[in-house]
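What follows is a set of structures for review.
The same subunit A turns up in both complexes below, where it pairs with subunit B and then with subunit C.
Up next is the complex of A and B:
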């Protein structure tokens, strides 16, 4: 009864949510519409007579015309032949970053969730303080570091910094999941004579699967999102370029092929959108089931 | 691993625990030393040299405080710092308010909320660079949706390029930054709201408390820890926000969107003045460090003084 709303209240909630979602989706709608419009239609303003002001019909004419088609989705592969490679690179780099970072995150998060030990609070605070140093602040020494290892212009140049800057957030997220697994289970395993590592592998990890999925997806999204800066500074090799950097090839000397660029962007984000669609139930319910509670 | 621990022969149980815990943390900690702490030290060292493209791998001269004097004494520096803080407060403020409103709406018990929760997430999921392309096109003066729209409504009587003028470029960048940052804030506020014990609301409801009163006196105080930590994290990320401004305006027009981080990138990577760039990077870290300490101290005081009203668990 407490959660019952009056009709007016309901309309208010839906209307506000509609506005909120409109703001969040507007650029994507515009990208999609742009990708359907032929380039000459894209670069045409609604036709106005001299002295006439733009009306609603003129405005809406940008949203549909007989010439609209999915042609850009075919042409983009010709304009930028490397496009499939860029999309693959994006997915590959993000997957590698996710897998590698999880190898560091899982043991550390387990230690912070389960044990009381000297230096716990201090080291945890230090991990979180890493958030203060974005990649952009450390670019020069990172460049030197990668160069001295001969890693510039390789996949590693984008994977290594990606992993490093995701670890703190990952530890923080996973720790709060692991804290919710009842300690009694582990004690039972200890009593039965199981070693710590055995307990971690056979008792904790299976129970932690939902948490691992949430953190893994969050890491993948983060890794997919952060590629741009490292890609434009540490990598000149077009074979290893991820999509956000490669997409600049649609910007030519004469014109920008906006429709193909938008089409390529939308196709390029499909992998991460699909993962999100399949995982969103787990992700949202996992995050909202009290993960952030102290 | 266990044989290693036996070799080290810990004397008490707590020592075993400490060693085991540190063994688990060590790999992550080593990565941090290698990729974050060492570069941080190196940045600090570089900031006192005149390192440039020719002397990147060694041989730069030590110049003492010269870079710092030049950076802080620079004609544009005060304006850039002010702009960066204005950018941060404005953007974080909107993210917090929108996030709070969004989370409250999405937490309400209505049909279709599962789908709507998913629909607000794309700006966070999609790579920042790609979301920004969408905005670049939206802001386009001749062909962009926004310019066409305000022309139709009658606010302007011709094309308006949002990114071409100092004021509008700055606020356009803020809008895009808010757009990218809001979904995550919303999600974490929503998570915190789900964690508030239901019986608190029921008790208040039985006592006849209005919805607004329940929000103010139960929800807000209960999720305050999340708001406090999200605001700080968000402030740090916004302060350091690079890609959005870089793709929209590259810091222009005429420096109107140049924040400290853009200035750092331009100096270091575009002008190859690594020493001077490193100086700016150190200043960014210092400013953020001081800001975080002040923020946490002030909040600690405020929490003690007012105890944030409400119900304690």
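Up next is the complex of A and C:
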């Protein structure tokens, strides 16, 4: 391809990208730095007279000093002994939500991608509209609903609303992937005598793997992020708490152990990060090349 | 044994009438080509035979069994799609084996059949490849292989060569003709390319706007087109037409005057009267160049040398789309004029509704 950007353009593009990335990553840097600092160091301020400005060394010591250590990563397990359980709960709830929502999304997205039926567009639009309500708006009705089914204070209290809120996005995402699979492949399978389900299993789903992974990862991350709200409202049982709720325990009566809280948060983000790293190579499309001549 | 009969097939898509009263009989082991311009309904007709599309009314009869409502697999047909429709995630072996896997054929028999098909199509050393690693021609062969393994009674081809380049298309044409000779099954082939139709078909079905225009052998269509449309569609370069209203009937023959040219045509004139509008058609290859001043003048605009012959484009008697094929030793250059001789016996006459006037073979 022709290089259509001048040097100045490129500098501008990269500078704005850098700024953007910096903006997104700074909170993580701050989290990491805070998790390394001892708690008394966190609150220390350089002794300054009025009118005096901070020296360069003092300023830099806020980011790095000899007193920094990974001590908080050891202490946090002691301060909150349930921490492993919380992390497990987080991953468990997010995985359950992902699996369950995929069970609904795959058939629904396939139907939306392939069949024509009455109310197709209407229901699709409705799905999007529902998505515009955040969970917070529906907390009270959901609470009543879960209470009458006796699901409060169970894993289900966090899984079911999670699934419900993620399905619409999932359907929209997967539908566009499935629509890219040439229809002739299904017709060819049909001519050869394959049933719809057989075709779905042997032809469509294997070809949709990149799409399934993208949707799966999106569902997992979505479930991971949204569980906090459902956890603090629908669940009182500490054994079922996911990490974002469990982190509250670092807030004591006297002090807030910010460094340990940050350490725990970072450890809690790890599962999502790992999933991303492993799945990244699967996210390359182009699996359909050679199917039909375009 | 597989005959295909189509009886009174109609097809509407919503309000649009796509096929109109199609009646056709296809004999066993025949290679039939549906040909026509795009949008004429040829692919729809093929899809109705395959069972992918349902006819609005009418019936499809394969081997004396009405299969109008049967799913494709029960019709004993196999179809090769224009876009190949190969499964990109499966190897060539699995692609060819797919119909057998669906039918739950045991592993040993399956392997035998796939290898046999691969041998016929020279794909034996490509069986472990994915379709994406194959060339266009090889992909097409895999698609054909997938249709062979089921031993279908009827093969359906939907413009299978239209995605290949010209040279490959020529090769595949020969391969398909050989395949037909080897398999000895009924084949129905859809194309918009009249050369494919002429070279491969036992029987050509010319479709136009959802109606069968003419059915016949390639040479029958070439020599005796029933309509002006068929005459213009079959043959390359296209037939020339000259329109005239200056017509007379003499001795039960049609005499058409076009400028200085007088054509005395031995055709059936029972439905024609003097002064009727007539289109006279003559194929470019039926025109001769006169050495003397005799014949009709053609002013040549473009000269195409294609090796064996030379094609002249220019205007004759006010028709600027006139075309003549002359021997390759011709030295005519653009801008020159040449005198053409019309062979009356090779002229066709069409009335104002496009129907051909039947030749009576009465020589002068």
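Note that the second predicted complex is superposed on the first by the 264 of 294 C-alpha atoms of A that agree within 3 Å, B and C clash if a C-alpha of one lies under 4 Å from a C-alpha of the other, contacts with A are read in each partner's own complex, and residues count from 1 in each chain.
Here is the rule we go by: contacts are C-beta pairs under 8 Å (C-beta built on N, C-alpha and C of every residue); 3 or more make two chains touch, one makes a residue touch a chain.
Not measured: the values here are computed from a predicted model.
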Checklist line | Partner chain(s) touched by A:192 [first = subunit B, second = subunit C, both, neither] | finding: second
Next item on the list: Report for A:182: first if it touches subunit B alone, second if subunit C alone, otherwise both or neither.
Entry: second
Notebook entry, point to check: Touching A:132, do we find subunit B (first), subunit C (second), both, or neither?
Noted result: first
Note to self: If we overlay the two complexes on their shared chain A, which of subunit B and subunit C does A:228 touch? Say first, second, both or neither.
What the structure shows: first
Margin query: After the superposition on A, what does A:104 contact: first (subunit B), second (subunit C), both or neither?
Written below: first
Checklist line | Partner touching more residues of subunit A, whether subunit B or subunit C | finding: B
Note to self: So in the superposed three-chain picture, is A:144 touching just subunit B, just subunit C, both, or none of them (first/second/both/neither)?
What the structure shows: first
Next item on the list: Scan A:274 for contacts with subunit B and subunit C and give back first, second, both or neither.
Entry: neither
Note to self: Show me the subunit A residues, by the header's touch rule, that subunit B contacts in one structure and subunit C contacts in the other.
What the structure shows: 287-293
Checklist line | subunit C - residues contacting subunit A, complex | finding: 50-52, 71-73, 77-79, 81, 83-89, 98-99, 101-103, 130-134, 136, 139, 146, 150, 163
Next item on the list: Over in the complex, which subunit A residues touch subunit B? Could you list them?
Entry: 2-3, 5, 10, 13-14, 16-17, 20-21, 23-28, 30-31, 34, 42-46, 53-56, 58-59, 62, 90, 103-105, 107-108, 110-112, 115-120, 123, 126-127, 130-134, 136-145, 147-148, 160-161, 163-165, 167-168, 171, 195-197, 221, 224-229, 233, 243-245, 247, 258, 261-262, 265, 268-269, 272-273, 276-277, 280-281, 284, 287-294
Next item on the list: Spell out the residues on subunit B that touch subunit A in their complex, using ranges where they run on.
Entry: 1-2, 14, 17-18, 20-22, 24-25, 27-29, 31-32, 34-36, 38-40, 42-43, 46, 56-57, 98, 101-102, 105-106, 108-110, 114, 116-131, 133-135, 137-138, 142-145, 148-149, 151-152, 154, 157, 159, 179, 182-183, 187-188, 190-192, 194-195, 201-202, 205, 225-226, 233, 236-237, 240, 242-243, 261, 264-265, 268-269, 274, 277-278, 281, 284-285, 288-289, 292
Check: Okay, in this complex, where on subunit A does subunit C touch?
Finding: 182, 184-185, 187-194, 198, 202-203, 206-207, 287-293
